[in-house]
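Both complexes below contain chain A, partnered by chain B and then by chain C.
Let's turn to the complex of A and B:
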């Protein structure tokens, strides 16, 4: 189908102005809710604003950024956040892939289960946080009893163990995000033509070979894109570790979101928190762009 | 002279009673307890009836959110005219320049009522609220902790029910004996080692009692001493002995209080309103509850000094009316009803010396208040206390209680953290 000559004719200045006028409210809203806060955070990151010393922000240049480079606790939180992010996405994929394969059936049970599986995703953090705390309670927690029987936990809850607390909360974070990955994978699985599997079966390919040579390559893009989205969400997490452990025991579950929260509300250093957020944004943007470039090269 | 006084009193009365025309006073109130809210509504109604044209608008901001709300309002605007505040952070907001002094409001109230409100404030609170020679807060409540203990559980464990532990060492020993004699799930004492305020509220009695001081004479960390290490050892030893809940490293004060009400602990260091809750719930063993003073250390007996005042924010454009409301709400009959409803000890000494604070269980707390001291005793209040109590001292206690650090390492790291905060 080709465009008619009338459709290809250049638009009049009036038409162009009308088009700009029509999109301008959307652009204004986008600027107000996305760009302006970003610019404010950038401006704030260059201020010297420790409330106990300077009640109002004053120009501080790179002061916050040099303090940030020397802050060993912050970098510990950064590496912990990287583990948290990668761990969360890994758990999401590990839980979502088998579930998506099981649910990729056109049956009433699969449809009902697909809806039920959304529960963790729609559940508020406060509800699931306290729910998991109850399950892991050393006296009444059913899960604690299982972990104790397996020799993983002693008399105290695993949330009190600096070596286990992060792993446990990473699992819960992955469980919470898993439904989103399941739905995306289900959509990807349903888009694979049955003929491919039939042809492979005729050629003598077994279940595992069909999974590795057909399913995995065709859902790979979905896993990467959705994994990237969920990874970005995980990197900016705050709610779950705050509700469950407040960043403890010690600093075992203190990730960057909690560090920023404390920088503002406990340490009264909003400009320092802004500098952390700017660095986080740059790191995350760099990582995302690198991942997408690698993906395109493949 | 008499005419002069009369004239001054009349002038003061006019200042206090003069209607501030069409003014609104916004008030952030932190308690979510329905009884407290009802009592505050009565105070506001009484104030508005006496001060025509002044409208007090109360907003409930829960204690758990007040720091976030205040700091956000401080940095972006939207502070109230009046709010409650924790006593330990008055110095912080005063240092920022966010509070307005109350000296004029104190003077006007004294002139109108023939009182001396400043002299009626508990000695410990004066150190929190009188900074740089000016008054920045008017106390509502003053709080200290005493030792609740179960005489029936003491008897079962072979301990003398009429001889509660008098020192921290005795407390540790009694907690261990009680735990060993109690059925599963019942512990000697409800004592937290978590990153919760309940930890520092209890532990400060130990370190002050052992003679440790938060700040050295040069203003730096003063904790790196044998006294502090002994206090840290005895306090965390209770958890390491298994004499408290195994999840003590992550439990908060409300959970421990609920546990005591449920009969899970033989002892707990708690405020007077716990007794109000016990009376309300009427457990079988209510008549077995006794209350003693907080244990002493080798150096002295020091109680926790908590409390919350009303403050006026400097951003207020209704300062006169706000000052009148603060003085009205923290003195007089309406305030007494609020204190009775809340089950707390009033920040006014003269009020606390009358009924119902002369009846059990209050006298032991009122006596304890004579020895109640701030965290940084004997130093002056410092602006950084809000940061120090949350993220340094409690972390040191938790590290030792979880076996992550020994006493020496935890103390060294604690002092490094405190000095970092002080040097900012």
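Let's turn to the complex of A and C:
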């Protein structure tokens, strides 16, 4: 019997046991930190548990879910989260596409730039959040001075303006996620054979025409799939709006992650918060199914 | 030909300009950390004076030093545990064929896709009912979820690339399968092991949400939480806050660039299509 190096049958029951033993700690961690909490959240979402009234959870059936549907603050947080998610992904694409096209060249500067551009992605939220707060501060902020000169901001920071705060933080959120899209787009662009462009050039196609007929169709899938991945991440945001404005001013930046956090820590209603996270998960599952469907199509 | 050179130079110049613009907020944090507060108030773009007083200031605060120690402790434990758990798992997934292997691989990968917000509520309730609120143990265990799945998949990729024949030759000479793994495969993938450990450390080092939800007392706070306390609304200095930001951000940046190639390769190999 020859042993191929890719796949082969186990040699003995001892090998089988060894294989399971080696993988079991990782499985235990996955069960303890992902599967068990998800099941527990599902159970919790059917409990009635308001810490100021009853210290222990009691069965509440669909109580949380009907409360959730009637919660107008939650509904506005939901719509705000939709705007936040779509806005973040739109900013990511708008920043990443021109950048990727520019960096898709064989020069030392382009290579160095495609490494440096990853910095917003690797820097922790807490550092970037305070960095931007500093830039936008009404007393010392350099960017605030610029916005004031442009007439966008008045004497107080744009972060204190209920009409502007969400848009500003959406931009920052997209800026933070942009490097991931650049990375993916660069990989997609590099896989397009030069011959396609050369052939089109011989046929007399101009720059714009080549971009529309060759580049766009070939990077479309990457944009959609990475956009969905980044969209899921954005949907579950918490750090940036919390660090920058705590969800304010006047709930202007309260997205679902913040509503959920406040439901546990401010309102002391963990079961209600669990119900919110179950609903968020259903929406995530819907998005993930769409993603799989799209991946299968290519 | 000259035209093409000119275009190349112009595109390079445009690249530099855009990158500086996009990185300006990060550069600004680093620059502000070494400017005196009076200089910051002038809003000028060029620092008139350079000082390290903000770093001296935060490093003389006991709460910040405690947080620094806690972050090192948690990050170090997370890195070590991630490697110790991910390596055998990756080896098992790569070298053995058994019932449920693909499902197990999928389960581990799926936990990477799960955002912390999605499991925050149950984790907080479970940790509290176990009496582990305000402990570094709880933070360490939950931080394992940050880097473990990607570590398993990256290491699996590297082990896949090591020819089995090398291990088989060693086993012919009488060593066990595990012995062959330790003696032959482990040294070959050492750079990848260091990279995933570092990655896990960096993710834990900057993690905010779980720390915020699980930790309230000063003696177990980590750096991101300590940075928040530097931001005292009545008497604080932007320079000090930015210096704290540099302390948190610099290791992430440094370690990322040391292992950039392994990590970028791993991210694309980890199932996210490029």
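We take it that the second predicted complex is superposed on the first by the 254 of 298 C-alpha atoms of A that agree within 3 Å, B and C clash if a C-alpha of one lies under 4 Å from a C-alpha of the other, contacts with A are read in each partner's own complex, and residues count from 1 in each chain.
Operating definition for what follows: contacts are C-beta pairs under 8 Å (C-beta built on N, C-alpha and C of every residue); 3 or more make two chains touch, one makes a residue touch a chain.
As the structure is a prediction and not an experimental result, all values here were calculated from the model.
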Checklist entry - First (chain B), second (chain C), both or neither: which does A:119 touch? => result second
Next on the checklist: Under the stated touch criterion, which partner chain does A:55 make contact with: chain B (first), chain C (second), both, or neither?
Outcome noted: first
Checklist entry - Taking the superposition as given, does A:38 touch the first partner, chain B, the second, chain C, both, or neither? => result second
Next on the checklist: After the superposition on A, what does A:264 contact: first (chain B), second (chain C), both or neither?
Outcome noted: both
Next on the checklist: Contact-wise, after the overlay, does A:174 reach chain B, chain C, both or neither (first, second, both, neither)?
Outcome noted: neither
Next on the checklist: Tell me which partner touches more residues of chain A in the superposed arrangement, chain B or chain C.
Outcome noted: C
Checklist entry - Does the superposition put A:87 against chain B (first), chain C (second), both, or neither? => result neither
Next on the checklist: With both complexes superposed on chain A, which partner does A:160 reach: first (chain B), second (chain C), both or neither?
Outcome noted: first
Next on the checklist: Per the contact definition in the header, classify A:246: touching chain B only (first), chain C only (second), both, or neither.
Outcome noted: first
Checklist entry - Which holds for A:137: it touches chain B only (first), chain C only (second), both, or neither? => result both
Next on the checklist: Considering only the contact definition stated at the top, list the common interface residues of chain A for chain B and chain C.
Outcome noted: 137, 139, 264-265, 270
Checklist entry - How about chain A: which of its residues touch chain C in the complex? => result 3, 5, 7-10, 15-16, 18-20, 22-23, 25-27, 29-30, 32-38, 40-41, 44, 95, 99, 102-103, 105, 107, 109-110, 113, 115-120, 122-128, 130-132, 134-135, 137, 139-142, 145, 175, 178, 183-184, 187-188, 191, 222, 225-226, 229, 232-233, 236-239, 242-243, 257, 260-261, 264-265, 270, 273-274, 277, 280-281, 284, 288, 295
Checklist entry - If you look only at chain A, which of its residues touch chain B in the complex? => result 50-53, 55, 137-139, 155-157, 159-160, 162, 245-250, 262, 264-270
Item to check | Residue ranges of chain C in contact with chain A within the complex | outcome: 8, 11-12, 14-16, 18-19, 22-23, 25-26, 28-29, 32, 40-41, 43, 45, 84-86, 88-89, 91-93, 95-98, 101, 104, 107-108, 110-111, 113-126, 141-142, 144-145, 148-149, 152, 163-165, 168, 177-178, 202, 205-209, 212-213, 224, 227-228, 231, 238, 241-242, 245-246, 248-249, 252-253, 256-257, 260, 264, 267-268, 272-274
Checklist entry - For chain B, which residues are in contact with chain A within the complex? => result 67-68, 71, 74-75, 92, 95-98, 185, 194-195, 246-247, 249-250, 383-384, 386-387, 390-391, 395, 398-399, 402, 404, 421, 424
